[in-house]
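Two complexes come next, and they have one chain in common, chain A, joined by chain B in the first and chain C in the second.
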Partner chain A sequence: MTEYLLLQALNGLIIGLIYALMALGLTLIFSVLKIVNFAHGELYMLGAYFSYYLAKLFGFPPVLAVLSSMIIVFFIGVVIEVLFLRPVYTGAVERKDEYAILITFGLSIFLQNLALFVFGPWTRRSPSFMSGTTSVYSLSISNDRLFVSALAVVFMIATLVIIGRTFMGKGLRAVSQDREAAAIAGINPFKMNLLAFGAGSALAAAGGALIGPIFLIFPTMGAMPVIKSFVIIVLGGMGSIKGCIIASLILGEAESLGSVLFPDLTRGLAYKNAIGLLFLVVVLLVKPTGLFGEKHVRMK
Partner chain B sequence: MLKVTKLTKRFGGLTALENVSFKVAKNEILGVIGPNGSGKTTLINVINGIHKPDNGDIFFRDKSIGRLSSYQIAKKGIGRTFQVTRIFRRMSVMENMMVPALSISRSGNQEALLHKSLGILTLLKIVHLKDEYGRSLSGGQHKLLELGRVLMLDPDLILLDEPFAGVHPELKADLHDHIRKLHGQGKTFILISHDMHSIFSLSQRLMVLSSGKKIAHGTPEEIKQNEEVIEAYLGN
Partner chain C sequence: MVLFLAAMALPVALDGYGLHILIIAYYYALLASSWCLLAGYAGQFSFAHAALAAVGAYTSALLVLNTDISPVFSIPIGSVAAAGVGFCIGFLCLRLQGPYLALFTIAFSEIFRIVLNAEYRYTGGNFGLNVPPLFSQESRILYYYTILGILILSLAIMHKIVKSRLGLFFRAVREDEEAAATLGVNVIKYKILAFVITSFFAGLAGGFYAHYVRILTPNIIQLPQMGLIIAMVVIGGIESLAGAVAGALILQLAAEYLRDYEELRWVFFGLLLVITLRFSQNGLIYPIYKRLTKKSEKDHAESD
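Moving on to the complex of A and B:
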């Protein structure tokens, strides 16, 4: 039983890292643009499909396919920001919050159906990053999962370094804290919006592309992860990067261990998604701003 | 250096500024005074692009800036501080100072920018706070940090909105010194303040606003004697 629990804990960690990538993208977008991107799951799905096709049709090595799909989805994010979200910031839209919800929700439905039309309803699986399994003591885990975890950590560290150490990152953080004051300091907030949405989209794509060899790829594959990303960013505290990463890992572990520790083991897996939501409810009852959140994060 | 012509700004039915025209010469300190709600802060907000004028225009070094965005105006050399300071509370003092770096240097000469920011912090006597988070500073230190952030852009024209409000007298004297020193280095200022002693002692010229209209301008001595100004402040 102990070995099984350890294995589940390891699986929880891996899933948590993938959640973290996706939720990090959502947090980045929310922090800078102050909108909740309901189409984030579809950017995750596009990342998975692009990576799959680049590897299958064009023979890209799997890691290169992941990186290329991130770049493609970055530019798709840029186009979405310019075409659909820019009006929120140019004063062309009166009810900004409502517009942002409706436009991203509409995009989500459109992209899901477009994927169904273009890629078909069939499930697919990306080529493996690294075949075989690795055994540590009596634990055996697939190399793919280990490799995916390592890549997820690399992407996360790269994101944190860019946000924390570069001029660009300081610009993004400044806009996220006070858009007007950042503009007074010479920062172009429109450019920061573009970067944040592009980078957030690329992170979602990374999550989808990395999960490709482990789970299945299909047009609605982003529906559940996006809900979990919402749970994570609320749990961690809206706009908090630290909270987002910690909440991702907590959710991954809560789901993974919760399903095997559930009193009725035959139903444990079925309640997996509910465990995360239950955890969120409990945290919000105790700390309404989430684990690391601050009050009053509103669009101006 | 700055020319404002027939500037009008309305918010719904309220006219915050009405046909306001004035000029600011290079290396001048222009003080703007007026009762609460007279349009002083709106004037600064329009000059630096937070609000767009409904009528009239603003020329900086003979070029129209009335339709530009705040970040474009900042890059042209106009900096400002706020009445209620707007520092980045979840960033350190040093990080606050480095925010304008993105617009200063594309190549990212970090060493030179660090040196510049340390120099400014030393001048403002807050270099010892460089690693502190913005949220942990006092109100007066916020004012100094905001001024420091403005100086990172090396602006030719600095708009100061109530820089002395809520500031300890010792720090106020420091701020006077900083403004005089920067003026001595060739900077131009538009200064808004309710602190009559400060604004009369620092400004070379004063402009008085009342209900969005310019009611007087002149030297501090002329303004002190102006009956319309006395009436606007004290009523009948």
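Moving on to the complex of A and C:
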């Protein structure tokens, strides 16, 4: 039993890392644009499909396929920002919060059905990064999972370095704190919007592309992970990067261990997805700022 | 008036399948118009509307199955149950606005769906729950007039609300909560009231649906269902009950008419939703209707 629990805990960690990648993108978008991107799951799905096709049709090596797919989705994100989200900041729409919710939700319907039409309803699996399994004592875990976790950590650290240590990241942070003040200091907030939405989309795509060889790829694959990312950003505190990473690991573990520790196994599995949602509901009711959020962030 | 007569006379001209499509369209029209009241007028963008319809549907179905009461009574009980859940959501969400409210209501809907799935011993889970019919005769015409009656009555009530002081307070809360509060509007009361009223109509629609379709699965709560309701309201015109109804009818009929295109029609509707939002925030149908009526008024004026 302890072994099984340990294995579950390890699986929870790996899943938590993928969640973290996706939620990090959502956090980046929220902190700069003050928008919850309801189409995030579809960007994740597109990332998985692009990576799959690049590897299968053009023979890209898996890692290169992941990176290229991130770049493609980055530009899709940029296009979405320019076409649909820009009006929020130029004062062209009246009810900004609601507009942003509805338009990203509409985009998610559109992209999901477009994928269903273009790629078909069949499930696919990306080629594996690394075959075989690694055994540590009596625990065995597939190399793919280990490789994916390592890549996820690399992407996360890269994002943190870009945000924390570069001039560009400084600009992003400035805009996330105060749009007008940043503009006065000579930072173009529109450019930062583009960058944040593009990079956030690319992170979602990275999550999807990495999950490709482990789980299955299908047009509605983003529906569940996107809800997990919502849970994470709320639990961690909207807009907090530290909170986002810690909350992802908490959620991954809570789900993996919670379903095992539930007395009735079949119902335990059924309720697995409800654990995180319960977190979300409780956090919103008790402490809407989450674990590390500073204050209630809303669009002005 | 012309529309009403046409709706009354339609069953004569249609076969069973055509009637079925219209019945479903009226069901969506009721959901869409009540969501329009909640989101468009009161400004509460809740994603729990489909779940509230399911509360009405499952309450009514389980009541009939377990206590042998007639659906005629259980459907109103289901609606009241939905209103009760709506009260709870409204009460809990008093502090939540914008994206926070959206996330909360999505989470509520998903939890409810998961519970319905997991407790399959009571709810039938994904296999579905067999629900007794509303009428003992196999007559679509009876169902048709029932839902038409429910829809017209509900619309009349909602129209009355919109035109009354209550509707005015709803809009005041939507535009600026703080300002409304300083002017003496009891914001808490009207926010909760908006949820209670609209949830009642959602539950009513759900209850009827359960006893008409006679098989219930938790899928009626899925997010795409909510997406469909939102698309209907947005395309119809988010600040107009008539627009929402028109949006629901047109989208549902278009979906049937374009059946051969399968996924492509949803791609098209999604695109239409996004484009409508981006370029015409009062919807597509309402402005066209406005323009047409204005034109005809002008024509009248000129001919006079």
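FYI, the second predicted complex is superposed on the first by the 290 of 300 C-alpha atoms of A that agree within 3 Å, B and C clash if a C-alpha of one lies under 4 Å from a C-alpha of the other, contacts with A are read in each partner's own complex, and residues count from 1 in each chain.
The rule is short, and it goes like this: a contact is a pair of C-beta atoms (placed from the backbone, for glycine too) under 8 Å apart; a residue touches a chain by one contact, two chains touch by 3 or more.
In this text the structure is predicted, and so the values were computed from the model without any measurement.
**Student:** Quick check on the superposition: with chain A as the shared anchor, is it clash or fit for chain B versus chain C?
**Tutor:** fit
**Student:** For A:58, decide between first (touching chain B), second (touching chain C), both and neither.
**Tutor:** It touches nothing on chain B or chain C.
**Student:** Go through the superposed model and pick first if A:75 touches only chain B, second if only chain C, both, or neither.
**Tutor:** neither
**Student:** Using the touch definition from the top, say if A:187 reaches chain B (first), chain C (second), both or neither.
**Tutor:** first
**Student:** Give me the angle at the C-alpha centre of chain A between the C-alpha centres of chain B and chain C, rounded to the nearest 10 degrees.
**Tutor:** 90
**Student:** According to the stated criteria, A:170 is in contact with first (chain B), second (chain C), both, or neither; which is it?
**Tutor:** It touches chain B, and chain C stays clear.
**Student:** Identify which of chain B and chain C touches the larger number of residues of chain A.
**Tutor:** C
**Student:** When the two structures are overlaid on chain A, which partner does A:4 contact: first (chain B), second (chain C), both, or neither?
**Tutor:** neither
**Student:** Does the superposition put A:284 against chain B (first), chain C (second), both, or neither?
**Tutor:** second
**Student:** For A:227 in the superposed arrangement: first (chain B), second (chain C), both or neither?
**Tutor:** It touches chain C, and chain B stays clear.
**Student:** Determine, under the contact definition given at the top, whether A:178 touches first (chain B), second (chain C), both, or neither.
**Tutor:** The answer is first: A:178 touches chain B but not chain C.
**Student:** Between chain B and chain C, once the two complexes are placed on the common chain, what is the minimum CA to CA distance in Å?
**Tutor:** 16
**Student:** Quick one: which bits of chain C touch chain A in the complex? Just the residue numbers, please.
**Tutor:** The touching residues are 39, 43, 45, 92, 95-100, 102-104, 106-108, 110-111, 114-115, 117-118, 223-224, 227, 230-231, 234, 262-264, 266-267, 269-271, 273-274, 277-278, 281.
**Student:** Give the list of chain A residues in touch with chain B in this complex.
**Tutor:** 167-168, 170-171, 173-174, 177-178, 180-189
**Student:** Give every residue of chain B touching chain A within the complex, in rising order.
**Tutor:** Listed in rising order, the residues are 48-50, 69-71, 74-75, 79-80, 82, 86-91, 95, 98-105, 108, 110, 149, 152-153.
**Student:** Where on chain A is chain C touching in the complex?
**Tutor:** Residues in contact with chain C: 35-36, 38, 83-84, 87, 93-95, 97-103, 105-114, 116-117, 223, 227, 230-231, 234, 267, 270-271, 273-274, 277-278, 280-281, 284-285, 288, 298-299.
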